[in-house]
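In the part that follows, the structures are each spelled out as structure tokens.
Shared between the two complexes below is subunit A, which has subunit B as its partner in the first and subunit C in the second.
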Partner chain A sequence: MTSQTTTASRQQTSAMDKATPVLMGLIPTLVVVGLIWIPALFTVILSFTSWDGVGALSGIEFIGGRNYVEATTVYPTFWPAIGHNVLWLVGLFVVFTPLGMFLAVLLDKEIRGSRFYQTSFYLPVVLSAALIGFIWQLMYSRDQGLLNMLFGTQIDWYGDPNINIWAAIVATGWRHTGYVMLLYLAGLKGIDPALREAAQMDGANQFKTYVRIIFPVMRPINIIVMTITFIEGLRAFDLPWVINRGRNGLELISTLVTSNVAGEASRIGFGSALATLMLILSSIFIIFQLRVVMKGEDR
Partner chain B sequence: MSTTTPDFAELGKLKKRPLTPGRVVLQVFLLGMALIWLFPMLWALFNSFRDYGFTLEHGYISFGGFTFDNYLNAWERGGFTTSFLNSAFITILAVGLTLLLSSSAAFVLARFSFKFNFAMLAIFVSANLLPPQALLVPIYRIFRAIPLPYWMSDSGSLLNSQLGVVIINMAFQTGFCTFVLSNYMKTLPKAIYESASLDGASVWYQFWGITLPLCRPPLAALATLQVAWIYNEFFWATVLLQSGDKFPVTSSLNNLKGTFFTDYNLLSAGSIIAALPVLIVFFVLQKQFVAGLTLGSVKD
Partner chain C sequence: MKQPAFLLPRLGRRSFLLGSLGVTAAAAVGCSGSVDYTKVVTVGSDQSDDAPRKAFAEMMAGFTAHETKVNTVDHETFKEGITNYLQGRPDDVFTWFAGYRARYFAEKELVSDISDVWANVEGMPESMKNASSTTDGRQIFMPMTYYPWAVFYRPSLFAERGYSEPKTFDEWMALNQQMASDGLIPMAFAAKDGWEPMGTFDMLNLRINGYDYHISLLAGNEAWDGDQVKKVFEVWAQMLPYAQEAALGRTWQEAAQSLLQKQSGTFLLGMFLQQQFAASEEAKDDLDFFIFPEIDPAIGADVVEAPIDGFMMAADPRNLQGSRDLMLYLSTPEAADIIVAADPSRIAASSLADQSNYSALQKKAVKVIEEAKNISQFLDRDSRPDFASTVIGPALQAFIRDPGNIDSILDTVEKQKHFLFTS
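Entry: the complex of A and B
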């Protein structure tokens, strides 16, 4: 900036002008640090204690890594919950994320009715997971559900501990597919059409063009879609909680944390150890995500 | 930043392409998938208009018995008047505060170069991705320890108060919105600010009077998206609120489950009612919603 005019009024306001951006940056930072990062840190600290949530903070007893040992060796639902989270993740990752990507690639072809198709696929994205649980209950219910009526079966899709995790994954995949489709389609629209034309002039067919040209160019979006899949898989909570509070076949890490710290048992230290595991796992994917979305930020 | 969102208007105007066999297969496949995807919603909609007695007698795979009574019943028994007001209060306040906080943080990040710019942005962006369950205990204790006058919260603290839900939603969403807005603000021409400084405009005026009006497109997109997100938010509203008269629509649905347990037509009607606000957002502000969803991920 090449300003030589320094008027008196500007000198007066300059002190305020220095304070304004500091305040404007400080208040939001305090909110985010104070309500997200400091609580996260406390969760980590609490995970090394045997606190039951009652009584003053000064009465907290540190017990080292006992909560972690207990969780992984004694706690009966820990490994099933991990297994369910893995299933959830694999289900999204193997079926619904690729399906969303595939639909996006098809819809990128300038076809008639594209708007109708897009709208249909991403309609579930605006619904809450709780609502999705209800809507699918109409499919899954043992006595009045559509699936059993069509197939003449008597399966309790939400209740049978051997299959309810699959039923929940399908319901959540219904929403996830549209989300992935949207993100991916937006990425595809951003690709320079000249790239595609050049590939087709070289005689590559559509499949080859996609695999060799489009997919590599879409790398940032690919990574974002993958990390979103992982983070969603890890944070899954609402749907199992609505169905049966995450019990009887629907245990996930998130529901274990919640029922340990908010339920009757109130095992704060133990629940915090599970929560810390969640934090560690999610930070791996958060770092991936950050590396992509913050690429090119001036530092 | 030029946001590349699917432009529906333009797609609709496309010239007709010759129908090759490949295109027919494509259309049939997409139509089939679209119908499968729409089906659960349509099924709920269809049965929400049917009399329970009729479906009990003829089974669900039948036609007839249409009535509007389920909606009247569901509205009354579900306490939707209260829960809609609660949802409106939480959503409007939280979205407003989130946008205010995030636009001011974004302005600072975009306009000024501090040493910690990068770190600050990282702290903001990743906060949005943490699992909320992992923060439950500390947030619960903090909120319980913060006293509020009784005219603000009848529980006397932030716990079991809608303000608490507003605040935690705000904290969670501020990171994402800051990121999107600061990306947008960085694309605004620097010359505007240079001439504004020459004219003696204060930093506050540069933010409130110049930057925010220019940020209408991302603000509109984010507002739409956040309304849907916060309206749909389930976890915090469930764990932080204890009395049923404070629940927003999404968490009060869980109470309905017991009430509606056997009558699935009533349950359908309740679900459709609960979905109405976001469906309206979906159909009326579709462009904004899609833009908001894709803003964070696509940038060039």
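Entry: the complex of A and C
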């Protein structure tokens, strides 16, 4: 190969090389800005207006922060909804994610029928929220439900506003557990068996092996599981919506936004204010989560 | 879109992407190109259940002047998407409800004035015309069927136990007491979706404060935390001990089943309750009703709640003449007869409709409504949709959950009303 051809080909590729990253950067940026940031910005702007969603944009009237004042001081379901959102997140985080991880560790032991258990626990993950709501309706129904039949009680699991949020969290946790289990199991399968053997040689019991060796090695999977738990917790919407449109004890900010904006009501401005508050709440959790993740990165 | 997948093995990635774009574009063009919308009248229908859908198709087949195309959308989805639907490319004619709910879209200029069609309409009673008009007297709605809200019961149960229809509130409460001591649930009750208890509120308010106050209250002109409304909830609180427990988790269908199984004695609901009885061979005709009894003799009991269902015409129909002709056809007794025959829980709006096949229940409904001095629609049809669905529905549920908390509930209702009606 002569030096001339080398330069020529290098020049050719470098022109392509320059254009490609620019395009590859530009297109996703445009998509993200156009589909995420601009709509988010519009939502924030609309939250300072009163608009019924009908007619030209000139019909929009700016009313300052009144929507926010109304939402936080008068709207009776706002604070309960915030409480339910936090409860949802904490419930998944404290109960169902650890449960999924625990099941994965158990199934990793190659016990008899582990395939069967894997499939059983994973099955709910592929079901839609509508189906999950229905399946649990069969468990929870006051008059014909399995739970009340077993315990001889008359509890209205979906209808009683004091307990239906717990009932809904259990139903959603049922799916979440299987999801976490599968992810975690995949991670566990990927661990070098030599690590375990070495730990056993050194006299560590199973619990110690897991806490000291396996858990730290699983760090990438742990982060994924944590992120998914956050996402599932913050986007909670479908199951309460399926159960009773997020009313009567099952209010979440997301269901309030939907019933204000998407329904016949069309309170676009007010709904946008609720959505913006949800955005702020989510941001707080996301910043918190990122800090935890990044902190680990420094170490 | 199945074709590109089939061709995939032989194509490169880029040509595949381009190809699928092309197919998508072709499909889009194909869709809009295949129908000439100036010749066809399109109809948006919310009659999505099997039986009403079939009856709707049969009714539309009776209209032969123009070709029609019916687009059926799930009932709830249709209602919730209505604002976007009307601002997009709506069908020429669509199913809707009378009252404030219709006037609202007329004010926003999302529907057509059909006064010229009404000029040729025959056999529509004056009350129907009023319910179809804007405040300044233009017609914007074409009624087809309606049904009363009343207190339903099984005559065989009443005969068995020797009960009789109460005429006054005191008689009704005595009957409730009697039923409770006979081991029955006196009043079946459902409140899961938030709109069911609106019927109870409407009737109480109409009996305690009268029609004019009721309409004014729903239009946002009266105080929700005032003594009149508080009185309504005081009376309601006296009734609640007789109502079926755990109503917040129950749908109206489940409550209707308890009436059907003679576990409960009465049920205040719309006549669509009959649909639950239609399937039962044994109880099919064993259903009767009495109108909500008088509470205050000075107010009387001459208002009946009877929501009207019908049709509206889009603001800018693509086939204007066809849509007008269709609207006129929809006002005819022939059209209504087909719908009512398929669903005997309704009665036809037209006074020329064939009533010879009406059941005893339908005949009684006609009589009750004819005798009524005023007809109300329903809370969510007589008020702003945002106020009804996001404020009143949850407030009524909160009251049922904790009746003792009514003062603070009404306080927030008034504040929210003020915000909604003034911003």
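Basically, the second predicted complex is superposed on the first by the 237 of 299 C-alpha atoms of A that agree within 3 Å, B and C clash if a C-alpha of one lies under 4 Å from a C-alpha of the other, contacts with A are read in each partner's own complex, and residues count from 1 in each chain.
Here, a contact is a pair of C-beta atoms (placed from the backbone, for glycine too) under 8 Å apart; a residue touches a chain by one contact, two chains touch by 3 or more.
This structure is a prediction, so every number in the text was calculated from the model and none was measured.
K.L.:
Check whether A:Gly159 is in contact with subunit B, with subunit C, with both or with neither, and answer first, second, both or neither.
P.N.:
The second partner, subunit C, only.
K.L.:
Is the number of subunit A residues in contact higher for subunit B or for subunit C?
P.N.:
Subunit A has more residues touched by B than by the other partner.
K.L.:
Identify the partner contact of A:Ser50: answer first if only subunit B is touched, second if only subunit C is, both if each is, neither if none is.
P.N.:
After superposition on chain A, A:Ser50 lies in contact with subunit C alone.
K.L.:
Of the partners subunit B and subunit C, which touch A:Val86 in the superposed model: first, second, both, neither?
P.N.:
Neither: A:Val86 stays clear of subunit B and subunit C.
K.L.:
Let me test your reading of the model: by the given contact rule, A:Arg247 touches which partner, first (subunit B), second (subunit C), both or neither?
P.N.:
Second partner only, subunit C.
K.L.:
If we overlay the two complexes on their shared chain A, which of subunit B and subunit C does A:Val74 touch? Say first, second, both or neither.
P.N.:
second
K.L.:
Regarding the shared-chain residue A:Tyr179, is it in contact with subunit B (first), subunit C (second), both, or neither?
P.N.:
The first partner, subunit B, only.
K.L.:
Of the two partner chains, subunit B (first) and subunit C (second), which one does A:Ile284 touch, if any: first, second, both, or neither?
P.N.:
neither
K.L.:
Identify the partner contact of A:Ala262: answer first if only subunit B is touched, second if only subunit C is, both if each is, neither if none is.
P.N.:
Once the two structures are laid over each other on A, A:Ala262 reaches both partners.
K.L.:
For subunit A, give the residues common to its interface with subunit B and its interface with subunit C.
P.N.:
53, 262.
K.L.:
Hey, which residues of subunit B end up touching subunit A in the complex?
P.N.:
Spelled out, the residues of subunit B in touch with subunit A are 4-8, 11-12, 14, 16-17, 23, 26-27, 29-31, 33-35, 37-38, 40-41, 43-44, 47, 55, 59-61, 101-102, 104-105, 107-109, 111-114, 117-118, 120-127, 129-140, 142, 167-168, 170-172, 174-175, 178-179, 194, 197-198, 200, 202-204, 207, 228, 231-235, 238-239, 250-251, 253-254, 257, 264, 267-268, 270-271, 274-275, 278-279, 281-282, 286, 289-290, 293-294, 296-300.
K.L.:
Mind listing the subunit A positions that touch subunit B in their complex?
P.N.:
Counting only subunit A, the residues touching subunit B are 1, 3, 5, 7, 9-10, 13, 16-17, 20-21, 24-25, 27-29, 31-40, 42-43, 46, 53, 103, 106-107, 109-131, 134-139, 141, 144, 146, 149-150, 174, 177-179, 182-183, 185-187, 189-190, 221, 224, 231, 234-235, 237-238, 241-242, 254, 257-258, 261-262, 268, 271-272, 275-276, 278-279, 282-283, 285-286, 289-290, 293-294, 297-299.
K.L.:
Which stretch or stretches of subunit A touch subunit C in the complex?
P.N.:
Counting only subunit A, the residues touching subunit C are 50, 52-55, 61, 63, 66, 70, 74-77, 142-143, 156-161, 164, 244-245, 247-248, 259-260, 262-267, 269.
K.L.:
Which residues of subunit C touch subunit A in their complex?
P.N.:
Residue list for subunit C touching subunit A: 79-84, 87, 108-110, 192-194, 246-250, 254, 385-386, 389-390, 393-395, 397-398, 401, 409, 412, 415-416, 419-420, 423.
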